[in-house]
Amino acid sequence: MKKSEEKPRPKGRPKKTRRERMTTLIMQAPMTIWAALFIIAPFCLLAFMSFMTKGPLGSIQYTPTLDNYKEILNPVYADVIKQSLVVAGWTTTLTILMGYPLAGFIAKVKSKTSSLLTILLMLPLWVSGLVVLYSFVILLNNSGIINTILMKLHLLKEPLALLYNNFAIVVGMIYMFLPFAVLPMYSSIEKLDPGLIEASKDLGAGPVKTFCKVTLPLTSPGVFAAIILTFIPCIGYYMVTDMLGGGTSLMIGNLIYRQFTISRNWPFGAALSVVLAVIIFLMVFIYTKLGGDLDDLGA
Amino acid sequence: GNDGSSPEEGGSASKGGTLNVLTWEGDVSDETVADFEEEYGVDVNITYVEDTNTILAKMLQGNSEYDVIDIESAYMKSFVDAELLAPLDYDKITNYENIDPVYVEKGAMGDEKLTYSLPITGPLYTGVVINKETCPIEIDSFEDLADPALEGQVWSTNATISLYAGALKALGYSPNSQDEKELNEAQALLQKIKPNIKAFGASSISSLETGECSVAYTYDYNILMFDDKANWDKFEIVPETTLGYCQYWTVAASSENQKLANEFINYTYSAESAIKLLNEWGGVPALKRELIEEGVAKDYFENPMLQEFADMWPDHEELSVSDEQTAIMDTLYNELMSGE
Amino acid sequence: MSKPIVSIVNVEKLYGDNHVVKNMNMNIDEGEFLTLLGPSGCGKTTTLRMISGFEMPTSGTIKVQNERIDKKEPYQRDVNTVFQNYALFPNMNVYDNVAYGLRVKKVPKAEIHERVKEALKMVQLEGFEKRKVTQMSGGQKQRVAIARAIINRPKVLLLDEPLGALDLKLRKQMQIELKRLQKKLGITFVYVTHDQEEALTMSDRISVINEGRIEQIDTPREIYEHPKTKFVANFIGETNLLDAMILEVKGNQAVIGTEVGKALVSLDPKEKFQVNDGVSVSIRPEHMKFSKTPVEGFSIKGVVKEQIFVGNLIKMMITLNDGTEIRINRFDAADLEETGELLYLYWELPWGIVIKEKNLINTDSFRDIKGGDPDEEE
Amino acid sequence: MSKPIVSIVNVEKLYGDNHVVKNMNMNIDEGEFLTLLGPSGCGKTTTLRMISGFEMPTSGTIKVQNERIDKKEPYQRDVNTVFQNYALFPNMNVYDNVAYGLRVKKVPKAEIHERVKEALKMVQLEGFEKRKVTQMSGGQKQRVAIARAIINRPKVLLLDEPLGALDLKLRKQMQIELKRLQKKLGITFVYVTHDQEEALTMSDRISVINEGRIEQIDTPREIYEHPKTKFVANFIGETNLLDAMILEVKGNQAVIGTEVGKALVSLDPKEKFQVNDGVSVSIRPEHMKFSKTPVEGFSIKGVVKEQIFVGNLIKMMITLNDGTEIRINRFDAADLEETGELLYLYWELPWGIVIKEKNLINTDSFRDIKGGDPDEEE
Amino acid sequence: MKKKKIINGLHKTYVLLLFLFFYAPVAVMILFSFNTSKANVVWQGFTTKWYLKLMGDSELWGIFGTTVLIAVLTTIFASVVGTMGAIGYKKSKGKLAKLITNSTYFPIVIPEIVLAVALFMIFNTSGFSLGIPAIVIGNTTICLPYVYITVKSRLVGMEPSIEEASLDLGADRIYTLFHITIPQIMPGIVSGAFMAFSLSLDELIITSFLADAGTTTLPMKVYSMMKKGISPEINALATVIFTVSILCVVIYLAVDGIRTIKAVKARKKPRDL
């Protein structure tokens, strides 16, 4: 009985042994350093720069100012941001609508076939996205392959304007991002317990009802991930707008790019980047609050 | 060959090493580079420019290892003012004599005495080009591009300077004007034209060829002119709308290989190099015609444009942009491009 | 027996080359609790899935209330299923899960509310309406699954090992609950399990399936006490099986010879036995008796190998001459025998069940179907 | 008892605020088969993981062969574990799995070969060396896991519900195999299960744990027949528990009063009972008797509610006046009683086990430790 | 049932059309690598001269080499750092750990250009010279989250007791890492590495911000050619890359097929027990 009257040992006794902690630390070190040096530090610097002043010929003067942010309030830039969001929104919507049935198909077939399909999906991008994108110019222009075929078939008299408009942008964007969007949707469809579909049918729901009430809600993590994976790069990917869109309207990606090249106005470019980052963070924040998991983004 | 300096005597000192050359596609032929590497026993790294501003920005940050830089005249002043360039070593550039005096006499805007720069080829022009077969109206000025009949038929360059300079010139101002009022007028003109514009971009040839557009305000039509004989009759420039400029070789002040850099520049002025360039890319030669006539296709000089381009050059005010102008134009440009 | 609500006639099922259900014939009566019992992979789930419509029979017909349903979609059948892993919709709370079947049918809101309440009460889950199903324990999930299925008032409820994932205590408790629920609702239950004790406790009738074939359909007691095949004898409860040959028939009794000695058995008068017939004799551990001296008519003996005290009984292991192990269960907590002691084995005649060898065709299911519906279709 | 090989002294374990193991004291003897038995979440796995080194006790000491090991890494301990889900290395075949422990220790190849063979023989898996572990059945995987653990010749083998994932038949078979193996190897087994039947069958001693506390450590028989607490009585086997009060003490016997009538019990002479003490009486279903006429000293009666035939026994459910349900198991396959019939309940005195209320402190584990090692530290 | 067949048929047709959409530009790319026109928008005639030119084009191959070199280095760095990170941070729940793991996701959830700008600035400010090392760092930063996520998901799916079993059998943590953990998460590492390699091959924005004088990658080259139209020579190179990739896939499938046939044969052997 004497023993049990002894005070319990201090609570601070480690849960893990020292060696285990050492091993963990060693494993963590590279990524920690990497994240600190090449992610956190650059973003801090970016934020810092956004408060500096542009000097002559594109140099930077280290006098703090809020002018860069005031400049962003100019309705011109609000328009640019809005325009970018609209294009990204369209692309994302269509990508999801087109990608979901494909993801469903890949999930349905045998695992061998599905990995083959995934590879085939990624393969064109493997080559060089830009070269393949350029092929769209050949395909879509007024005397391009599609118009020629349609006119030869007498389906058209006048060539259709397929290139240098939002249609072409969206087609190009879908081409670039659909493969990435399909992957997370595919994996969430695959994870879906087929028993649930059967349960729903068993309870009297037809295929459409089952899809709306069970399949879709349960695969929504994959859909959300696909949305993020399409929407975000869309905003910054200025090559497609340049190449296929005719560049008649400025996108935020181009705008930022211009600040660092043609305009040589880094602080303003930094401020734009910060604003863009904040907008995206808000979206991602909402995504995680809705129960999204950033891990789904890796597919 | 007919190059003045023999590689043996000039190159002995600079055997080995690397030369970083920043240039535009079409300003030096691949073969020439290979020949130079072989003759001088050096490595030449060719990097292609996307935008001169980017280079300027990088160099201003002190973050560049370029030796030879291919600059367009518009930025010459900025480079010179920022002391980014080293004076050329004319002792090394013995092929200087091969250059057509027309191009040397005028000098470059911001470096009129050609202390730092030498024109690479003959002049380039930005201007309105018409596809005679498809263009619905007569065009003889920049303002005509705003004609409603041209809706969705105009291709335009996306280079800010060319846009505003073209508009300024059309309004009767200096294309290099820094006057805010004048620039605002130019903006108003551009805004009128914009609804007609199908696409802004770099490469316009294809869209004129494919019938995507019937008119282009562009800087690369010269290539199209010389590329294919069939195009000579099909396309036409509107002389009133042209802006002229040149590309210049310069040597970076920070270069540790200045001697080799000058030797490289010199090498490109050999008749052999010039012929290779013309055969590969076409364009207006900077060298005296008699030195190269034999090396190129029989009909090369039959192109009527060739003479016209050369003749036009002395009357043109070369483009040159200042920092202030860039800033103003940039805001205007963003405004122009943001609306639907 | 009342009229059949489900009848399965000549049903065959093949997956590719894999013959999973073999010429199955079975009538399920209205309101009965029928259990499909058999080892893993014998085709129980497949049978159930054919009734619910998730699989098509390769040949044969399935009828519910005399209506051929094998061409109907699952969602058009008056049959509901309780899935082994519950298959609750994780994106809905308890209420929504249970209401699902009614919502799909566009039942008015007020009625849904009423019936969900009733169903939840039935499974004793009142007050859990708003709970997320992911936050419930196994037993609770099970009950939600049941509520969700019975709310549709199906004619037949199919349950595929509904208690498989629960632990022993909870399982016992749910067995009783389920049985009560079935009585209260009066719905026909078709219940799948591979746990023979569960089957014995709950069922009105048990259909023992082996490799896609019905071996016997009968009441639990009948199956336990009068297994028709060696497989059934072995699968239902522990048993000692002795391969033997009939040496002599004397009226209802016979002398049999095994490799380890002779014994007496009583014969089923309904079946014909002849001298030299090969038979198996099954004696349950609790019916195997022993004595320290030889018993009249029996000459099987062995030595005590092990004795284990398990809760309320003592398990004895006896090794015979040829190495066969015989198990004996004793319920009297008397003192243990010595390990190594020689004992003579015998049994009271009614408990030695004689099974004819080569008696494995499911004659029983044929008999069962004979009284079934007359209008069999092509 | 022989000398303890594992001793657990005053061990406490908290996960955050969750007090999972409470002042645990336990000695495990060399060569014994000790089972930790308790409901899900009571801390069995946690206890085992502290012995194997995957968790640190929050306070207290654990010794193996008088050596404090709680500061050693898991891989430095002479203790091996058989994990519940086997935890076989899926990237290796059977041979490599079993050889793993020896390879790690850089044992010469020839010896490894020898010992792997031996270990596989021990678990009857000769010839399976090249098989991928993913291609094996549950029972086979289980044996590989055991072979892999015993090849290291540990002093103590820890087994965490090793048979949990197997089906009933296989499980019974493996129970016997495991027990034999333990006897053959002479290694100390610390066995975790929540299946009381398994514990009763296999163990030398059982430690019944409830909510992190040891309720009783004893031989299976002692635990079954003389539970020290209500929890133990209830958890081990089915039982009928009656809350009562002592009305009169007559030597070794007492008259008790329950809400539904009086009864007689015999008292444990080692414990003191007084009139008015609150007690619980536990009577196993197989010991509960009934009679159609009242029995001397007993006045508890009830009506037959249900009778189920389960394999070898008949389960009767009797409802008392206050609604309590009493279960009776009858092994004689005599005819059933009528449902609704009134019966008088009684028991033979030795089978009515009296448990003092408020007797839940684990005095027993203290008693157990008293004879333990003398050199406890600071 | 009939309805089901029709729906399945429609589904198949849709997928077929989608793949047509994906491969039409590839077909065009291949076709136009045989185009005589340099501007390469209008078909002018068949030629194989671009392939001949490509063979002798040391500059283009040099660029290609640089691109592959960067991609390989990126893949190695991203795989090592990401894998170690995923293992190290598997169980960490602290605030700091959260900061690090969350910031690892930044590059995915932020437009590339923002990261490019930020990295460009930090290199400039710190005086770290631009060039291949900087590009590799930039590309690695982008690819890191993909490796991290795929490896992490393998780790999460991995039975934790398998590692414990190894420790229990006397293996220390390093031994366990190399003999148990890494073989288990290999598929995750491989798919992460694959992702990193392909992302890096096609990376333009970050690369062009971080490139120095002597460094050009294939995407940069392609983009700079936009001014005059992408030359058929580039198409030829892309076609070669594409063909090689297809060959890899075919070989992979063949090897895999042989393996399954073998496995099936092995399974047909008489079963023991």
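Think of it as A, B, C, D and E in the order they're written, each chain with its own count starting at 1.
Assume contacts are C-beta pairs under 8 Å (C-beta built on N, C-alpha and C of every residue); 3 or more make two chains touch, one makes a residue touch a chain.
In UniProt terms, the chains line up like this: A, E = Spermidine/putrescine transport system permease protein; C, D = Spermidine/putrescine import ATP-binding protein PotA.
Predicted model only: the values in this text are computed from it and were never measured.
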What is the graph distance from subunit B to subunit D, where chains are linked when they touch? 2
Top contact pair of chains, counted by C-beta pairs? A-E
State the chain with the largest centre-to-centre distance from subunit D, centres being mean CA positions. B
Could you work out how far the Cα centre of subunit A sits from that of subunit C, in whole Å? 55
What is the distance, in whole Å, between the centres of subunit C and subunit D, each centre taken as the mean of its C-alpha atoms? 29
Shared interface positions of subunit D, touching two or more other chains: 73
Could you check subunit A for residues that touch two or more other chains and list them? 19-20, 137, 141, 143, 242-243, 260, 266
Per-residue multi-chain contacts in subunit B, two or more chains: 50, 61, 201, 206, 210
Across the complex, what residues on subunit A touch subunit C? 193, 195-196, 198-206, 209, 213-214, 217-218
Per the touch rule above, subunit B residues touching subunit A in the complex are 50-51, 53-54, 56-57, 60-61, 78, 81-82, 152, 158, 160, 194, 197-201, 206-207, 210-212, 323, 326-327, 330-331, 334-335, 337-340
Once bound in the complex, which stretches of subunit C touch subunit D? 40, 167-169, 194-197, 200-201, 220-221, 224, 236-237, 284, 286, 308-312, 315, 329, 331
For the subunit A and subunit E complex, residues of the former touching the latter: 19-20, 23-32, 34-36, 38-43, 45-46, 49, 98, 101-102, 104-105, 112, 116, 119-139, 141, 143, 145, 175, 179, 207, 228-229, 232-233, 235-239, 242-243, 252-253, 256-257, 260, 266, 269-270, 273, 276-277, 280-281, 284, 294-295, 297-299
Residues of subunit D touching subunit E in their complex? 52-54, 73-76, 79-81, 83-85, 87-91, 100-101, 104-105, 127-128, 140, 148-149, 152
